[in-house]
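Below: a set of structures, written as structure tokens.
Both complexes shown next keep chain A, but they swap its partner, so chain B is in the first and chain C is in the second.
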Partner chain A sequence: MLAIAARRLVSMLLIMFVISVLLFLFFEGDKLNLAARVLGPYSPMTGRLAWLEHNGYNRPLITRYLAWIYGFMRGDWNQSAQFDAPVFDFLLPRLKNTAILGACVFVLTVAISLVLGVFSGIAEASKRDRAITVISVLTTSVPEFASATFLVAIFVYWLDWLPGSSSFNNGFSWREMILPVATLVIYNFGYYTRMTRASMAEVMNSQYIRTAVLKGLPYHQVIIRHALRNALIAPFTVMILQLNYLLSGVVVTEVFFAYDGYGKALYDAAMFGDVYLILAGAMIAVVVAVVSQFISDVGYTQLNPRIRFS
Partner chain B sequence: MARLKKFIAAVGLLRESPVGMIGVGLVLFWVVIALIVGVLPLRDPLAQSGGDLLKPALTLAKDGGHYWLGTDDRGRDILSRLFFGSRLVLFWSSLATVIAYSVGMLMGVTAGYRGGWWDEAISFIGNVFLAFPQMVLFIVILSQLGSDSPAGHWLAKMGFSATWVKGTTIVLAVMFATAPQVARIVRGLVLDLKTRDYVAAAEVRGEGALYIMLVELLPNARGPLIVDACLRLGYVTIAIAALGFLGLGLPPPDPDWGKMIADVRGFGALAANAMIWPALAISSLVLGLNLMADGLREIALRD
Partner chain C sequence: MSDTEHKLIGTLKQQLAEKTIGRRDFLRFATLLGLGAPAAYEFANRIDGGIAPAAYADDLPKGGIIRIAQRVPKLDNPHTFSWIYDSNCVRQVCGYLTRTGADNITRPDLASSWEVSDDLKTWTFHMNPKATWHKGGAFTAEHAAWNIKHCLDPAVGSSVIGLMKGYMLKDVDTGKLDDKGAKVMTTELWDANAIEVKDPSTLVLHLQEPQVAVPEHFFHYPFLMLDPAENGVFAMGSNGTGSFEMTVLEVGRKCEFKRIADRPGQVDELHFVDLGDNPSAVAAALASKQVDGIFQGNIEQYDIYKGMAHTDIHSIVTAQTAVARMRSDSKPFDNPAVRKAVRLATDCEKTLQIAHKGVGSAAEHHHVAPVHPDYFKLPPMPRDVEGAKKLLADAGFKDGIDIEINCKPDPSWEQAAVEAMAEQWKEAGIRAKINVLPSNKFWEVWETVPFGFTEWTHRPLGFMVLALAYRTGVPWNESAYSNKEFDDLLTKAEGTVDVKARSEILGKLEKIMQEDGPIAQPLWRSVFAAYDKRVKGFNIHPTLYIFGEDLAIEKA
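Then we have the complex of A and B:
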């Protein structure tokens, strides 16, 4: 297990290294444009060159890269060109906002999809099963920006119940959380529901469930004691693995609702060509991806007695 | 000809799945619209009418006739923009999916069949791109490869229009994000298939690796791949429309569905009508693709 963790760590560092080098190279040709965006479209060329020189963008690529790595490891993530603030201080509150959003979405999605998936899977091909399947295909087919549009049209413009923007201008408010959370839950729960359903249906057809029923156990005990634990292994792994995809949807949703989080910060940074902010955002994404994959693998082996790390 | 007949027979099989048929119906609706939109009696999708801004559905136009679905913030007819937009959406998503799929299949079959260092290298490249959240990867690539980048200038100098320059970069971005996912699936399938006797037979016959990969392995992996391609086309459609929404899609004034929502979003309640139609259009197309994939899977499982 420790060996596996070490190997994952090495591969994570390697991926981070490759991605940061690629991003550095990728944005190198964009330096002058960046200065132009910072200083405005009518700034003189000499001013732009001076800005690049002053902020250290003109050092050789290798020096800049090594300096960045050294700083990154000590928590000095360099300066954001667009927001004129240290990247670390800028990103931290936004990461917190996204963590709140993500946690709400994750908890709700898991709860809804487990309940629906189990209810649908224990009675395969029943009317209830059909209805749940149709609903989950329907909701996964509606992209986030479309469902956000529908939600805003209904709850903001028509019923006038909720605010259409979640920028928290007057401090944190649950009312402003509802629409972004709903948007992400609606898009994501269908996939998990179908995973849970498939897994539950497979377990319900197995020999040991038939044995449990035939030996006279009450039905709810068969489900709770025998079926659930085995049925939830596969969906569990998938849900953790999907954290990375959740981050993808978060970008669109945050931009739509002006929610001041990691996704919107990264979107702004990429549109502006703000190299250091993008680098930091990408590094965080890699860590999330690799760690969630590791948790998913470990959880899988812990839950499933038939599989052990070799 | 024989292939065409086989294809029609396969589509005919879908008749046994009512869900799949609804999907085929939805997708066909948009395909037919995209094909015949030129001869439909529609208004010019780019014509602006200053007197008819953000009108609701079924409004009478000043010059006679109707705005069946209303107008947008520049007085353009939404119905005709939606219908002309279906061409762009279908063309670019299909092209992007086909290219991403081809690259992904080649990567996957090479990694799976060759194994060893090939596998290590290809899987690592895939992991690098999969470690990015997809949308972030898109934004980074597209924000830097736009029409005012060196690559964009070069393409423009070669005589490509702004739409083609942007479309090409979108296709590239989709390829980087999607091909590794396809490769992972294909690699898994090939690891299983390469232990079969017909592969051993081909090796004994002295066939080259390329022949075995392209003629023996890939065609035999097609079952699960067709279902996946259907779903994947849906995801790519969503991604491209989302890019349009974020302002990274095809350049104005092309009627891209995602951009149609973004264009009118700032007008508040007045724009509710103009926002809903493109959202419905994209949802119906993706729903059709997903239902089709479901139907195909249902039939594949039955045999």
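Then we have the complex of A and C:
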């Protein structure tokens, strides 16, 4: 357990190092464009060069990189060129917003897909199974920007029930959460449902379930006591791995609804070439990815009695 | 003011009386030369019986909050602003020396009047005695002089330098060399006394070259008059001369302004809400009444805005455009007949309808807009497919020509316009392959490709773009166009202050563009914004400036 945690930690640091070096190199050629974006398209070249000098972009690459790493470790994540704020202070409330969005989506998606997946899996090839399968495949194959457009057309323009943007300008609002959460749940639940169904169907065909049924146990007890736990191992792993998606896969939805989260901030930063904000965003994404992998590994061993850390 | 009146104002009055210039051109040029707007309107009204616009309507509703969807970028350094967004925020707090209205007429603001010498080289500005700072004290000529000098300081990096360099600055060698061994140049005032504070209320500018548009340049968006004590930095609690003070600033989220009780205006507060770059979020926010107005509408969303029962669309034609320009030094465009054939094969009105939903006006292939004061109306140049075929046949292209046009995909109307035109050209035997490049790639090759579709922004006077884009050898001459007669006429136009005489010269330039020029130009774009019907007093400006003190909102 400790060994695997250490291994993960090392690999995480390695990934962070490689990604940060690559990003640094990538934006090195874009420095002058960054100055042009900060100072505007009609700014004179002398002004741009002065800006680079004044903001320390002219120091050697290696010096800047080491300074950045040193600052990053100490919680000083540098200044965002676009938003004129410390990167850490800027990202924190946005990460919180994305965490709220991700949590709502995760809970709803898991609840819906477990129920549907189990109902689908225990009666393979039934009409119910076919109906659920068709719905899951359909919703998963519609990209977020399309379903978001449909939802807005119906609930904002036509019925006028819900607000069309979710920027929380007057503080947090559940009403503004509805459309972005719905968009993401619609896109995600089909995939989870299919995973749960496949796993459930496989378990239901196994001999110990047949034994349990033949033994005369009530059907619901067979499902809950014997089938469910074993059927959940595979979907659990997939769902935890999808946590990563809920951080970096929400860009489209956040931008669409002007939801002020991590995804929109990263999108703005990428469009602007705001290198320190992109770096910090990438580091956070790596941490979340590796940690969710670790949780998934540990959880897998806890759920599956055949695998135990020695 | 009559004893200091510019000698050309008399000529302008004469021309208005003889109806050789329009009312609008009279107002515009008379005010530019220092005649007060009320006096100019009064004179114009005596001649043509028109009505001056009501100053401030007393029946506008008072109080309330207006929320406008607009990006909120950082605001710390107003003199380097390069977007309209940031200036729209700071404009609520700080003012300009002059103000050019939606009617293109420049009026006094922090400068209450001005005169210019007959050679257009000495401009005298009188500061408005009623202008005061929030924190007390009058706005003086020293403050104005400090702001002008700050904008013209190369270390600040303001785009004002590009406007005023010709008549206020000279190049100086820093004595340093850059990495490639080239001299590093900088600029300084052409004369130590170029900006003279005569007394606390009088500012005199001494120009090295005649310039007619100085008052207009003072309305350039970064040219905000800041409190010199704050050293060019704008922040919460910054001093200003406007109606509002800033109460909230979250870059990338929102920016809020509160009206100071005894200053002009109706609303209590003005909020700018940042909804990001996605126009559909902005439209949905307006539809669900989360905002009362939007800074600028996107043409793809035009029908959505039109479909909203509770909003009005405000639009105004500008000189923003894009042109299909042909490099006159590459085949087959080195033959003027081929270039004219491309023009004749283009249906401007249809392209406007298809690519820009009819929001704008059809162009005439000469890059001078009807909104320019010195525009000359030529007889129409309608589409003529047979004429185009004949021109091509005579030029030796009996079977038509195969060409490739480069364009970029955003804004999307540009690609749509190119597709529409390519379809129209086919009928005349001009078979154009369309090569869509990503924007950043496009801007790497825009000057060098043989055939490309390039956007050009609004410039206030008709000859300005012609001088930037079609004069022999200038940096932005992307079509390598070179025509001695054209250059000579252009120089003459630039030296002609008299608008009527200049418009006649422009007429000749326009004719050359149509007959020989390197472009086919389909349309002029309108800019538009959508506001809730409850918002009163909004008057869309061609540059999308927002003036909070003009706005009012009815209670819901």
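By our rule, the second predicted complex is superposed on the first by the 306 of 310 C-alpha atoms of A that agree within 3 Å, B and C clash if a C-alpha of one lies under 4 Å from a C-alpha of the other, contacts with A are read in each partner's own complex, and residues count from 1 in each chain.
In this section, a contact is a pair of C-beta atoms (placed from the backbone, for glycine too) under 8 Å apart; a residue touches a chain by one contact, two chains touch by 3 or more.
Small disclaimer: the values here were computed from a predicted structure and weren't measured.
J.: Put chain B and chain C onto chain A via the superposition and say whether they clash or fit.
T.: Result for chain B and chain C: clash.
J.: Tell me which partner touches more residues of chain A in the superposed arrangement, chain B or chain C.
T.: More residues of chain A are touched by B.
J.: Looking at A:Asn169, would you say it contacts chain B, chain C, both, or neither? Reply first, second, both or neither.
T.: The second partner, chain C, only.
J.: One more residue to check, A:Trp51. First (chain B), second (chain C), both or neither?
T.: Second partner only, chain C.
J.: Check whether A:Ile209 is in contact with chain B, with chain C, with both or with neither, and answer first, second, both or neither.
T.: So A:Ile209 meets neither chain B nor chain C here.
J.: Counting only touches as set out at the top, which of chain B and chain C does A:Met271 meet: first, second, both, neither?
T.: Both partners, chain B and chain C.
J.: A:Ile132 in the overlay: touching chain B, chain C, both, or neither? Say first, second, both or neither.
T.: neither
J.: Mind working out whether A:Val87 is in touch with chain B, chain C, both or neither, as first, second, both or neither?
T.: neither
J.: Determine, under the contact definition given at the top, whether A:Val255 touches first (chain B), second (chain C), both, or neither.
T.: A:Val255 sits against chain B and chain C alike.
J.: Taking the superposition on A as described, I'd like to know which of chain B and chain C A:Ile19 touches: first, second, both or neither.
T.: first
J.: Touch test for A:Ala231: chain B only (first), chain C only (second), both, or neither?
T.: In the superposition, A:Ala231 contacts neither chain B nor chain C.
J.: Tell me which of 351-359, 423-431 or 531-539 in chain C produces the clash with chain B after alignment on chain A.
T.: 351-359
J.: Overlap the chain B and chain C contact sets on chain A and report the shared residues.
T.: Touching chain B and chain C on chain A: residues 149, 152, 156-157, 164, 255-256, 267, 271.
J.: Across the complex, what residues on chain A touch chain B?
T.: 11, 14-15, 18-19, 22-23, 26-27, 29-30, 33, 134, 137-138, 140-147, 149-150, 152-153, 156-158, 164, 244-245, 247-252, 255-256, 263, 266-267, 270-271, 273, 278, 281-282, 285-286, 289-290
J.: For chain B, which residues are in contact with chain A within the complex?
T.: 19, 124, 127-128, 130-136, 139-140, 143-144, 148-150, 234, 238, 241-242, 245-247, 258, 261, 268-269, 272, 275-276, 278-280, 282-283, 286-287, 289-291, 294
J.: Which of the residues in chain C come into contact with chain A in the complex?
T.: Touching chain A from chain C are residues 67, 73-74, 76, 80-83, 154-159, 161-162, 184-186, 251-254, 271, 273-278, 280-288, 290, 304, 307.
J.: Going by the contact rule at the top, pick out the chain A residues touching chain C in the complex.
T.: For this pair, the touching residues of chain A are 39-44, 46-48, 50-51, 82-85, 90, 149, 152, 156-157, 160, 162-165, 167, 169, 255-258, 260, 264-265, 267-268, 271.
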